[in-house]
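Each of the next two complexes has chain A plus one more chain, namely chain B in the first and chain C in the second.
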Partner chain A sequence: MTIADSGDDPADVVVAALAAAVSLAADQIKTSQRLAQIPGMESVKILRAVVRIEDYYHINVPDDFLFETATVADLIDLVARLVKESR
Partner chain B sequence: MVHLWHLLADACSAGNALLVPPQDQRFAMTEVLDRAERTASDVLAVVERPRRVGVLMANGEPWLRGVLTALRLDAAAVPLPLPVGFAGADAYVAHLRRVAADASLDAVLVDSSLRRFITSRIRAGLDPVPLLDITEPVRPHGPDRPPCGGGDELAVIQYTSGSTSAPKGVTLTHRNVASGLNALIGGLGFAPDDVVGLWVPLFHDMGLFMMLSGLANGSTVCLWRPADFVRRPLRWLTEFVGSGATVLAAPNFCYEQLVEAAGREPVPELDLSRWRLATNAAEMVRPATQVAFEEIFGRYGLRPGVLSPGYGMAEATLIVSAQSGHLGPGWRALSVDRDRLDAGHQVRPVDPDDPAARTVVGCGPCPPEVSARIGDETGTAYPDGTVGEVQITGTPVTGGYLNLPPAQQPFTPDGWLRTGDLAFLDHGELFIVGRLKDMITVRGQNYYAEDVEEIVRATPGIERGRRAAIAVSDGSDERIVVLWETAVDPDRASTLAESARERVRDQIGLAAVEVVPVAPTTIPHTSSGKVRRRAALQVYLTHRDSRPVPEGDPR
Partner chain C sequence: MSATTSTFIRVPASYARYDVDTTVTAGLLGLPDGEAGELATTHLPYVRDPGRGPLFDHADVVNLALFHSNTGCTVPDLALRFLLRFATAPQSTWYEPRWWLVRVCPPPALLDRARDGSAQLSIEPADLAAPGVVPLDAPDAAALRQARPTAKAILPPGYEVAVRITGAEATVHDGRARGLYQEMVDALAGGAVTYQSVNEGLRARHREAWQLGMADCVVASRLLADRLRDAGLTARARRGYLLGLVGSDHAWCELYEDDHWKPMDLAFAFLASGGSGTRRINATPEFVAACCGSRFNRLLPGQAPDALPLVHLDGEPAPPWLPVAVSAHPGEAR
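Entry: the complex of A and B
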């Protein structure tokens, strides 16, 4: 699944964007994982994934989000909240 | 006696400003100085006589004001790193605590760019050192007592050296920094109307001293944050051009990211003809990046020679050598035999297509304030074209690391600073080829083999075997490799190796790490039990070359 056909559920969109950033299949990303623990992930790739999510939903993920310690689930929650606020 | 507060105040006027384009902010420098006066009063209300003041926040006006406040109070400014990369929160706070203790910090200045969560963790970790939020100055006036001191008093303590377990603070006096800023202004050929643009973190020596040199030149300085660049490199470039900036300093990574972005998305209409200098320094300069950047952005008016390699370090305030942009002769690369790049060897020029060729980029000449020689550990200089350690002297060069006994200070017997970098000189230009120390630099951050080895050693299942950690650099790729002797079965060994690698990334934020299981008694040792590094490197190279090549891997 790519971000383009992941529908409107932030959980799917976030996982698809992260998976694409490190060339993994979406089912290899666990929501309980810390972003930093996704195999092959580094800070630049995280930011690239975030940009794709931002473009998809037309939202802005704030700079002060703690990418360093956040889990995939934390990022999904944040994106879901931002999407809700933007509508 | 030179005092940086006065030096910067005299150079600044209502005409030059600090711009923060993403926040649409513009502060006349006279206003920033006035706000720093008021912030100094705010700090004095909490700490009676601060000697060392930490600055911990994201790029912005408060960061600059924090440094100016320290100078106004005759305290040394101690830039502190943000939790960038992927080091976990615990490791980060522990590192800050070690720096705070080493520097004897009296206060740490922060602003609203640090989230509440992180601030509370840091506050608890640094206790009893007070964290003072200087987002906005409160008091209406500056302190009555004018700045005094300066000269040989400490102005900045920069923690960019040393392992994470034993951080080393580079001490820089007002005299060092004033001379270093002059060296930057002259060495980079700043014009009166130059505008300096920066996205690199200000807590890094390149960010700090490029900003201060711009201000000392009376220039306007534009600030972005690293994420502004990394998220959308081409949009950032458009803003950089739109801000009127003419000078940029950034690591090779920046130029590489711009080249990549231009390959994957449409480049906006840009006129880069006013761009005068793009210094490429703070990590290994890659010839391929230089060539690709000039080719792609030349189509948008970038002039030949604007992209200029440089070489510097906090120990020299910043600049050791650099090309000065399009007014200079442009950059040079030499192809040399990669097997003759050890200390004491005369380099051998080879054809660029020779299989042994390594292309090395020239990092320009030294400014008059700094002298560099290539020498051995006794300080004996080698002739041009011989590889050896870069050793430097001059007014901008540090007197040493804070709290380190004289015997451990990095000086030759005749007082030149030993940089630990390997280079050769050719027609007065420094060509950096590697390092004496087992250390690599990624995006301006130094990583030490000993730190990596310590983390690997502590990985459950790995502690029993012998290990050797070495830094591997072939000019385009730098990594730390840990050889690990083990008799466990290959699948289990590779799982353990991967988990050790993840721990390294988790704890110090370094991804360029390889943990290589090897058979027992493979790691070469001297009779006294020390690892023979050169031979260990050969073990790694042999191992790497014998691995099956995955499909699609161009290696």
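Entry: the complex of A and C
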């Protein structure tokens, strides 16, 4: 699944963007994982995933959040909140 | 990625340093090696090395990424997008005290050479006596480090500093200084001079770079400092780090006025007022105004005078394709 066909559920969009950044299948991304601990992940790839999420929803993820040692679930929750606030 | 040939100025051959191979080029462009090599050889000057294949100037490759990417995901695009995001945040956040754990890490390839004695690597230390910069005491620094328990130890000459940086809202009053500053902003915004990546050889000849129609933050800050001094004012160019998700080398000019060094940041002002496409910040007029006199809480100067390079290898500026990684982690002291 790519971000383009992941629908409107932030969980699907976030996982698809992260998976694409490291060339993994979406089911290989565990929501309990810290972003930096996803196999193959590095800072530039996290930023690429965030760009895709931001552009998809037209939101801005606060950079202070990205500094933190956030998990995939944390990012999904944040994106869901930002999307809700933007509508 | 599409590419044309007219939007940035290639480094003239007499100043070029053709030492970037297709693997590094691919990383910067975010493309597979073959595709990146084909694109770069089509649009950039290069020399062909029998062993390494085509070699490009690093600044040309960065410009190709910045000017012709339609993905917004090349390394230079990402740096610009995230580093300058603070400009769109509320004004108070530009100046409020901010605690930073800054880690400056040489890449393994350089460290290995330094440690086996085959090369001399030096990194300019941060200027911890700069206005607004206060080094944290050991307990506060430890509190910041606790937020990053997984961070690896940094080997010298890399270093880590924990600082509190406080910005200051101010404005430059001198009419001559404001005029010279605005003249340069207008030249960049009007396209008479292209804001683009410039290699270190041309940065050292900043007047010539400007005449060639190209400038980056180093060229612009050095030239503005020259012009301010020529006008009888006290000014200096500074170089340090812009702290953010990915730290970046940055340069700015400072004017001494009212017993203070006031930053004059042409690069920020251009990107906030005249940049185009992915190089434009959606900043407010207040941010543009702040670029002429205010000090932001995300800039950590190095000790090098005249905006000289921060990293040297065997007495020469280190190759830009072996960048020193700068990570800046904000936090709260105890």
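Heads up, the rule we're going with is that the second predicted complex is superposed on the first by the 84 of 87 C-alpha atoms of A that agree within 3 Å, B and C clash if a C-alpha of one lies under 4 Å from a C-alpha of the other, contacts with A are read in each partner's own complex, and residues count from 1 in each chain.
Rule of thumb we're sticking to: a contact is a pair of C-beta atoms (placed from the backbone, for glycine too) under 8 Å apart; a residue touches a chain by one contact, two chains touch by 3 or more.
Since the model is a prediction, treat every value here as computed from it, not as a measurement.
A.B. asks: I'd like to know which partner A:D27 touches here: chain B for first, chain C for second, both or neither.
C.D. replies: The answer is neither, since A:D27 touches no partner chain.
A.B. asks: Return first, second, both or neither, reflecting whether A:D8 touches chain B, chain C, both chains, or no partner chain.
C.D. replies: neither
A.B. asks: Quick check for you: in the superposed arrangement, does A:E42 touch first (chain B), second (chain C), both or neither?
C.D. replies: In the superposition, A:E42 contacts chain B only.
A.B. asks: Check whether A:D63 is in contact with chain B, with chain C, with both or with neither, and answer first, second, both or neither.
C.D. replies: In the superposition, A:D63 touches chain B and chain C alike.
A.B. asks: Under the contact rule defined above, give the chain A residues that sit at the interface with chain B and also at the interface with chain C.
C.D. replies: 36, 43-44, 47-48, 51, 63-64, 66, 68-69
A.B. asks: Contact residues on chain A for chain B in the complex?
C.D. replies: The touching residues are 36-37, 41-44, 47-48, 50-51, 63-64, 66, 68-69.
A.B. asks: Going by the contact rule at the top, pick out the chain A residues touching chain C in the complex.
C.D. replies: 36, 43-44, 47-48, 51-52, 55, 60, 63-64, 66-69
A.B. asks: For a test of understanding, state which residues of chain C touch chain A in their complex under the given definition.
C.D. replies: 30, 72-73, 75, 78, 81-82, 85-86, 88, 147-148, 150, 244-246, 327, 329-330
A.B. asks: Could you pull out which chain B residues touch chain A in their complex?
C.D. replies: Residues 58, 83-89, 92, 113-115, 117-118, 225, 227, 230-232, 257, 502, 505-506, 509, 511.
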